[in-house]
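What follows is chain A paired twice: with chain B in the first complex and chain C in the second.
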Partner chain A sequence: MRVDNITLSLAWRNLWRHPRRTWLTVGAMVFSNILLVFMISLQFGMYRVMYDNSLSLITGHLQVQAEGYIDEPRMRSTVPAAGGLANALRQAMPANNVAVRAMAFALVSSAERSLGVQVVGVQPSYEPDVSNLPGLVKQGRFLKASDERAAVIGSSLSRNLKVGLGDELTLFGSGRDGSFAAGIANVVGIFESGSNDIDRSFMQIPLTEFQEVFFMGDQGHSIVVMTPDLFELEPAMSTIRSIVDADGLVVHDWDELQPGLRQSVQADMASAWFMYAVLIVLVAFSVLNTQLMSVLDRTREFGIVMALGLAPIRLGRLVFLETGIMAGLGLLLGVAAGSAVVSWFGFHGFTYPGLEEMSARFNLPGRIYPSASFASLIWGPSVVFLACLAAAIYPAAKLLRLQPVAAMRAA
Partner chain B sequence: MSSVRCVALCRFFFQGDQTIKALDHVDLEIDEREFVCLSGPSGSGKTTLLNAIGGLDKPTSGEVWVAGKRIDTLGKSELANMRLHQIGFVFQAYNLIPVLTARENIEFVMQVQGVDPEQRRRRSMSILGEVGMDDMEDRRPAQLSGGQQQRVAVARAIVSKPAMVLADEPTANLDSVTAEHLMDLFVRLNETHDTTFVISTHDQRVMSYARRLIGMVDGRIVTDEAH
Partner chain C sequence: MTPMPGAVLFRLAWRNLWRNYRRTIIMLAAITLGVWAMLFMTAVMRGMVDDMVQTAVRSLPGHVQIHHPEYRDDPSIANSMPPPDQMLLDALAQAGVVAWAGRVRVPAVITSERDTRGTTLVGIDPEAETGLSFVSDDIVEGRFLGSPDDKGLVVGRKMIDDLETRLGRRVVVMSQDPDNEIVDRGFRIVGVYEANLENLEEAFVFTGRRYAQSMLNMDESISEIAVLGKSYRDVSDLSHLKQLEGSAREVLPWYELDAYLGTMLSTMDGFVLVWIIVVFLTLSFGLVNTLVMAVFERIREIGLMQALGMRPSMILIQVLLETFLLLAVGLAAGNLLAVVSVAALSDGIDLSIVSEAMQWMGVADVLYPALEIRDLVTTNVVVIVLGLLAGLSPAWRASRYQPVEALTKV
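Showing the complex of A and B:
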């Protein structure tokens, strides 16, 4: 669209004929842009917390596993020399946290009851670096490297088995080689993860104990890796691939390991976008109202300039330009103010009454920190900008139908 | 070569069952450099005829030719382009653009034509001097009297040297001295720039300047005589 000086000059002056009307419209745009920038940044921040908490409970960002284990977790699908391999990964990727796990199903018996339980062998020294489960121990303590015959169990499991701290549990299961596996563990800690499935069926014991009970030798089922940024996994994955060159081992990212997570975030996003769309439509209608009023106010003037030789299409451009200037002002001021708000909350965190208490129960941060990114700052205001331009189509189209004589007769 | 030619030109307005014949089969030919006045009572069709000649209004039937080109069949953009380059308008109500200053109003047409800024300024200042407004270039229409606004409107109409100026009751809101100055200016432009003038008026003083006087009644030309 070619914009000459006269169109620009007319557009600018027309806007400031009614400064209050212009500022009210720009104000609506600025307000919606601030709201969008803040809400989208907060949403992204919340998703980051959601991802972090969901992945740091069990899954981690990456896992090295035997090929096929992800679909069919068999005892015999193991990572050989898992401890040594984990050490090699720690050395190659000092910024990443690495821990070995092994898993088996076992019948766990207390003095009164027996239940099927997922028994997880963990490295007590490294597990707190890849999982927040150790931080969720509400009674007793988490495992130590020096522990023998120790276990931490979920709160629901402890209730179901009717055991408390110091009580003895007996494990019965199948070893890696198919032989009968049995062991004893004393409860040293009880955790509350906030997930009923985990609290009801999870038991953690030291990896060395697990390897001994289930005849695993030095093998594990997965090496869990937590990277500094869960959305920047490629460097870590390529390093791991270069080290894990043995046949039959693969690296999975969190999206493969926990496929529902991204979908649940996307579903939440879709509902949020709907709310944003309603906000944007409201702003667009306010612009439509302003521009329509403005066009109707100036019908006579438009007739004059048409009589002087201005083509109707240039009048349409004028309306678009006026809208574009207002929307541009709204975008600039909205993004600037929105960025300031996001920066403030990004530093101090955002909370509301009750959030900190509720979060503390699940070992979650009590404040949400909006995550400012180019997308979160620009996406919403850009859509507002485009929606405002779209709202100018109808007033501009009205001008195309204008007859100079009829327009000049307008009061 | 004729500047304007109208053939069986009709413009009817319909109000319910009633048909108002603003122009009723008007045949008219105006040569280049003519100074023509259209006279007649209110509702006789003077303004409607000027609007049709200027391409501001579509006739119901008939033909309108301007500078050898038939214009009643042109689209809005082509008509706007024709007005931009060939016709200057002076309206009874001045019709200045309120957000622009006197000089900017005068430069408006040149700016739309794409004349470079330096030339625009030179020509606008010159024409402001010609209409006696050279000290009021930065005033907006609201800061000018009726006579001053009409002089700016005239300056705007003639600054780009159109082949024809259509003036609708240009002196209706002016005092007699200002009206006389305006008509002197029109005559001078007609003589020096060879501009064709078609002026609609009730005013006997204006008619006295005309070299051809066309009388209209009920949308028809009833007299057409050299003056």
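Showing the complex of A and C:
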């Protein structure tokens, strides 16, 4: 759009003929922009924590498993020679962290209690690289490679079994071939993950021990891989595929392993965008109203300038320019104020009553820190800007049909 | 001077509203959309939380639960309690109690020839459970338990798949007795249930109460009593049970039993209010603008009316009345639209594309929006009250014009 100085200064002056009206319209934009910038940054911050927390606790970014294990986790669906395969992967992809796990369900008994527990065999030297559970050991320590008959359990489980550090637990379950399996382990560490499900029903023992107790030989159930970037999995996946060429083994990414996660984010985004769309349309209505009024107010004036030979298209351009200036003001002020709000909460964190109780269920912290990025700051206000320009189409189009004589006679 | 009769004032306000019909229609469209969004969004959220609570309440707890004070933290057989005494039975017979059932409920391990899983063994009185929990209605294969002495086992669809077994086959259930001796017993699978959440199908296996008691060597003791009232929203009908709380038993309503859901429900009220106010504030800029313009256009007319003896307070009232009419028409349309759209979706919104996420949050994948009277009332009251507050400033200005100044204004 070609804009000369006269049109620009005309547009500017027109806006300030009714300063109150202009400020109210700009105010609507600024208000919604601040909200959008804050909410979107908050969402980004929350999603990041959601991804990190749910993946780094157990799932990891990628897992090599036997085909079908993901839907029906059976003891006999194993990854053969898992330790050797994990070593090969470590050599091929030094930037990634790799660890073997094996899983079984067992009845775990202490002197006083017996409970069904998910027993996980882990490689003590590699597990801390793929999971943050070892870092969450609050009493005692995590497993060591030299450990024999050692176990790390969750805090609720230790309470329910009425055991502390050094106490002995017995395990009963079924081995890989379905035969009776039994073992003994001493509690060396107690972790507190914050997730009640995990703290109540999870027990980790060294992989070698696990393989012995459950007759697994050198097999495992999954090889967990932690990549440098959870959104850039393709290179790692193709490397893994080239190494893992055995039949019946597959690589799953985190989206397949934990399908609820991405969908939760999507569901949340969808409902958030419904709300944003409503706010944006309301602002657009406000602009439509203002611009239509400002055009109708000036019908006579426009009639005169048209009679003097001004092309209607230039008047349309003028209206767009006025809207553009208002929307630009709204954008600038909105982004500036929004950034200030975001950086304040980015520092102090954002919470509301009840958030802590609700997030605990999903293993999330009770305080969210909005994460400001160029995208999160500019995305919402840009949509508002475009919506406001779109709202000016109708008032501007009205001008094109204006008859100078009739317009000059208008009251 | 006689005050202006209400009818005239009303007619003036109404006509003023339609003098600039374009502006009024745009503003009405904005209010209608805003009110619709307030109500619709609220209905969707309410529907979701409703479903969460109902699913959770049906998946065993009941509206109020009675159990050993330690049972919640340590749901073990050691924390069971004696069967209800006469006092408790009397309390459970009072009006307000729709149904109740005593259960044995202990952690257990279930093993087939193929695999082992952890679960919860629940011993029930089949008749008492009808209407109280989901199991009795949701048997898809085989039969439900017949009596407290039934030796059969009812398991979930997912569990039977996990164990690679099927109806009629035998499985072994292991748990512990009060002396921490491991007890195990073979069960024949007599029924299979389905639940709307997959993990519920793994969470519980059911057998007859008395059979479970004999297996676990616990005599007549039970783990919990679940009580159903008329509605989960209001459990005050069941408050008399709270008086029976003592050192040997704890009485808890569901929202204390499941802090997540309880918080969710109360947070939702706050969220609804915040949402309504945010939408209103976004609207309010346009609303104030419209009123300012409407007053500005009529300065001369207002001056004239004042010169003819209309009192400033009448002008204030007239502008406020105009605001009120604008809001009322917008509210009526918005309410109507919300009621119609919620009614149109009474078959539910299909969320199966994000069903995994829904399972994660404990919601079924069909969502039924629930438009509640109290949300309608809140929305309408908030919009009217805040709307009139927003109209106060332009109305005040209009009433403060000096007649001569206003008359001479071009």
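Please note the rule applied: the second predicted complex is superposed on the first by the 268 of 411 C-alpha atoms of A that agree within 3 Å, B and C clash if a C-alpha of one lies under 4 Å from a C-alpha of the other, contacts with A are read in each partner's own complex, and residues count from 1 in each chain.
The criterion applied here is as follows: contacts are C-beta pairs under 8 Å (C-beta built on N, C-alpha and C of every residue); 3 or more make two chains touch, one makes a residue touch a chain.
Keep in mind it's a predicted model, so treat the numbers as computed, not measured.
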- Message: By the touch definition at the top of the document, which applies to A:Pro94: first (chain B), second (chain C), both, or neither?
- Response: neither
- Task: Mind working out whether A:Met408 is in touch with chain B, chain C, both or neither, as first, second, both or neither?
- Result: first
- Query: Between chain B (first) and chain C (second), which does A:Gly166 come into contact with in this model arrangement: first, second, both, or neither?
  - Reply: neither
- Task: Applying the touch criterion given at the start, work out whether A:Gln118 contacts chain B, chain C, both or neither, answering first, second, both or neither.
- Result: second
- Considering only the touch criterion stated at the top, classify A:Asn14 as touching first (chain B), second (chain C), both, or neither. first
- Touching A:Ile313, do we find chain B (first), chain C (second), both, or neither? first
- chain A: partner with more touched residues, chain B or chain C: C
- Who does A:Thr25 touch here: chain B (first), chain C (second), both, or neither? second
- Query: Which of the two partners, first being chain B and second being chain C, lies in contact with A:Val305: first, second, both, or neither?
  - Reply: first
- On chain A, the footprints of chain B and chain C overlap at residues none
- If you look only at chain B, which of its residues touch chain A in the complex? 51, 54, 56-58, 76-77, 80-81, 83-85, 87, 89, 91, 95-100, 104, 108-109, 111-114, 156
- For the complex, which residues does chain A have touching chain C? 18, 20-21, 24-25, 27-28, 31-32, 35, 72-75, 104-107, 109, 111-118, 156, 159-160, 172-174, 178, 201, 259-261, 263-264, 266-267, 271, 274-275, 278-279, 281-283, 285-286, 288-290, 292-293, 296, 352-355, 357-358, 360-362
- Touching residues on chain A, where the partner in the complex is chain B: 4-6, 9-10, 13-14, 17, 300-301, 304-314, 400, 403-405, 408
- Can you check the complex and tell me which residues of chain C touch chain A? 20, 22-23, 26-27, 29-30, 33-34, 37, 41, 44, 73-76, 78, 107-109, 111, 113-119, 161-162, 164, 174-176, 180, 182, 259-260, 262-264, 266-267, 270, 275, 278-279, 281-283, 285-286, 288-290, 292-293, 296, 351, 353-361
